[in-house]
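Letters A, B, C, D, E and F mark the chains as written, and numbering starts fresh at 1 in each.
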Amino acid sequence: MAIFGLIEYKDASPEVRAVYDDIMATRKSDWINNFWKALAHDPATLKRTWESIKQIMAPGALDPLTKEMIYVAVSVSNQCDYCIASHTASAKNKGMSKEMFEEMMAVVGMANESNRLAAGYRVEIDEKFKTW
Amino acid sequence: MAIFGLIEYKDASPEVRAVYDDIMATRKSDWINNFWKALAHDPATLKRTWESIKQIMAPGALDPLTKEMIYVAVSVSNQCDYCIASHTASAKNKGMSKEMFEEMMAVVGMANESNRLAAGYRVEIDEKFKTW
Amino acid sequence: MAIFGLIEYKDASPEVRAVYDDIMATRKSDWINNFWKALAHDPATLKRTWESIKQIMAPGALDPLTKEMIYVAVSVSNQCDYCIASHTASAKNKGMSKEMFEEMMAVVGMANESNRLAAGYRVEIDEKFKTW
Amino acid sequence: MAIFGLIEYKDASPEVRAVYDDIMATRKSDWINNFWKALAHDPATLKRTWESIKQIMAPGALDPLTKEMIYVAVSVSNQCDYCIASHTASAKNKGMSKEMFEEMMAVVGMANESNRLAAGYRVEIDEKFKTW
Amino acid sequence: MAIFGLIEYKDASPEVRAVYDDIMATRKSDWINNFWKALAHDPATLKRTWESIKQIMAPGALDPLTKEMIYVAVSVSNQCDYCIASHTASAKNKGMSKEMFEEMMAVVGMANESNRLAAGYRVEIDEKFKTW
Amino acid sequence: MAIFGLIEYKDASPEVRAVYDDIMATRKSDWINNFWKALAHDPATLKRTWESIKQIMAPGALDPLTKEMIYVAVSVSNQCDYCIASHTASAKNKGMSKEMFEEMMAVVGMANESNRLAAGYRVEIDEKFKTW
């Protein structure tokens, strides 16, 4: 169970409700997931985290689905169970198919493997990789 | 410097050359980067790793650029300097713009942040996230 | 369940009991948490680990509460569920308020974010940061 | 070298200069470290990251030095060379002595050790640790 | 529960059954563990992963038990609960005693500790360690 | 460069010299590597770390070479450059061949890959893996 419990909408302060309202409006959903309800005990962190995520995950040079799959990939690499579950669900909502999930997972696995091969064999960076 | 040094094409065994040839043919390039030259001391690992990466990074439900950005994202999350440099270069070759890199980095940073917030606040997984 | 089970005081060897006694005396408590009971299957590791922790966590240039919060911060960063739970409880016992926990968590999250930004952007170390 | 190079004040856009000015004013310093100059290629991330760090690192329930040492502890645990160097320097500026650094390091080392002991022995969370 | 559920032998495609059959024949066992049943939703990844593991874990310059303990050590370091459990069981089947497990764990703990001491104290690599 | 510099034998306090002497006697060597010289600024940590490593790495149910390879495997997984270099050298001194290093690396790579597959596919632990 979340360390301080979950704050439901009906029990939330106006400051927290304003964030919840913006989450639901942005997502066109009537539902708030546990991450935000657990974070609501610290309204400053709740607000800052939500506003950062809202800005970062908005469409830009990358589309929202690609961003969400990158989010899942990092969460898998870090073995964060909650984040794997919540961002896999988000990515699915944004159009990730089972096949896309499977291919993403294969890349995450291989990247974790080759990262260690590069470290253990102490491969020096090629000159042409040093600049953009 | 790579622990056993780098094996150049002219010094490579036929077994290693066959992998080098396939890397260059697949990439339509006349160049081999240091990772493979360092790994070539163990031909079995060289061959298996290349064949796995070739299969995993081929176009499928995800396009090669998306896969390459996921590879960069994991490498950044793991702080693998060589892999960050080499896969950033690969992603750029496949069409990643400066803006796409920047947005990818913003997602990687935020995912690493929220992964720890979820862990520290011990957020339980929402029922609706438990199944696909 | 712990891999070899938990060794309770009444079932413990004199060697293990001596460590348990010192843990309780040091903590002014009549209770041993599961970590030690699981480790007690290897009395050498039990004794060495306890004596190291006792030495490291004692008051010094840093007070015990600051040390305990650093312990929580690392455990959160590593996503170790047991350690997050046990060291959060210890920090609370030593005076960590809910607000202190929340601020510590905000720092841990941000440090994990900026660590990856520094890695991905390949920021070189400023000259003036190179020496103490 | 930073992937896109470093943006110096004289070459910065007004948007970037505004962040640089706020960093220097907040820190009562006439100097900007490389992290910000590398991030300045993405003004939105520069601004968001600075404003988050400014908010998070301000005095609150925890004093700025304790926060800075937690930042160092996480950076050491993640093995981020740049962040270790820059936040060690910041902590020193805020009053961290050599002895405080050494004790912080001892805690970070031990936390990383016991995190793995808890995982490998599969220690279950004590009932009394489950709630705040 | 595994994200797409587990595919049992009786429900598996011929392609998946061929891998299951090879797993059981190689292990001289009539049983498949959940990892493979979860991965079977992506037959290409199932086949590639199994063939890689089969090749890597075969006797060579290192015996299978040493390889399996290295596998456990990495899994503990990464805090992967499933992998800790499954590879501890495999290592036990290959002859790992309780004492061997305990000594392996002590090394894993200490390596994680000293890795951070080296990073935080920024120890430069000794000249004589730079080459094989 | 190490943050506080390296303390050479001739400049060391009697307390530090005693540890250096024991390191050299234990290793039957007349040489101290940088890790200890950097740590010598904190004699308590120097002594505790050395005594722990001496105890942990001594022959027991596992031979010293196996322990040293486990140490390398964890250091590679954590991407600790100093530790990879120093413990690879130690393992070589204790008899690790080039082939043994290569096989160890292949296991480390694969363990890092399958750890993420298990996490991302959310594989539940098999009943028979739950107990020793």
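We adopt the following convention: a residue touches a chain if its C-beta (ideal position, glycine included) is under 8 Å from a C-beta of that chain, and two chains touch if they have at least 3 such contacts.
Every value quoted in this text rests on a predicted model; they were computed, and no experiment measured them.
Student: If we define chain centres by averaging CA atoms, which chain lands farthest from chain D? Would you check?
Tutor: The most remote chain is E.
Student: So, comparing C-alpha centroids, which chain is the farthest one from chain B?
Tutor: C
Student: For the copies chain B and chain E, give the interface type as same if over half of its residue numbers appear on both sides, and as different if under half do.
Tutor: Same; most numbers are used by both chain B and chain E.
Student: Which chain pair shares more contacting C-beta pairs: A-B, or B-C?
Tutor: Pair with more contacting C-beta pairs, A-B versus B-C: A-B.
Student: Using the average of all C-alpha atoms in each chain as its centre, how far is it in Å between chain C and chain F?
Tutor: So the centre of chain C lies 21 Å away from the centre of chain F.
Student: If you average the CA atoms of chain B and of chain F, how many Å lie between those two points?
Tutor: 27
Student: Please set out, as single numbers or ranges, the residues of chain D touching at least two other chains.
Tutor: In chain D, 1, 3-4, 44-45, 49, 52, 56, 77-81, 85, 88, 98, 102, 105-106, 108-110, 112-115, 117, 119-122, 130, 132 touch at least two other chains.
Student: Could you please specify the touching residues of chain C with respect to chain F in the complex?
Tutor: Those residues of chain C that touch chain F are 1, 3-4, 44, 48, 52, 55, 130-132.
Student: If we count contacts the way the header does, which residues on chain D are in touch with chain F in the complex?
Tutor: So the residues of chain D in touch with chain F come to 79, 88, 98, 101-102, 105-106, 109.
Student: Which of the residues in chain A come into contact with chain B in the complex?
Tutor: Contact set of chain A toward chain B: 1-4, 33-35, 38-39, 45, 49, 52-53, 56-57, 60-62, 66-67, 69-71, 73-75, 77-78, 80-83, 85-89, 92, 97-100, 102-104, 106-108, 110-115, 117-126, 128-130, 132.
Student: In the complex of these two chains, what residues of chain A are touching chain C?
Tutor: 3-4, 41-42, 44-45, 49, 78-80
Student: Name, in rising order, each residue of chain E that touches chain D in their complex.
Tutor: Against chain D, chain E makes touches at 72, 76-77, 79, 81, 84-85, 105, 108-110, 112-117, 119-122.
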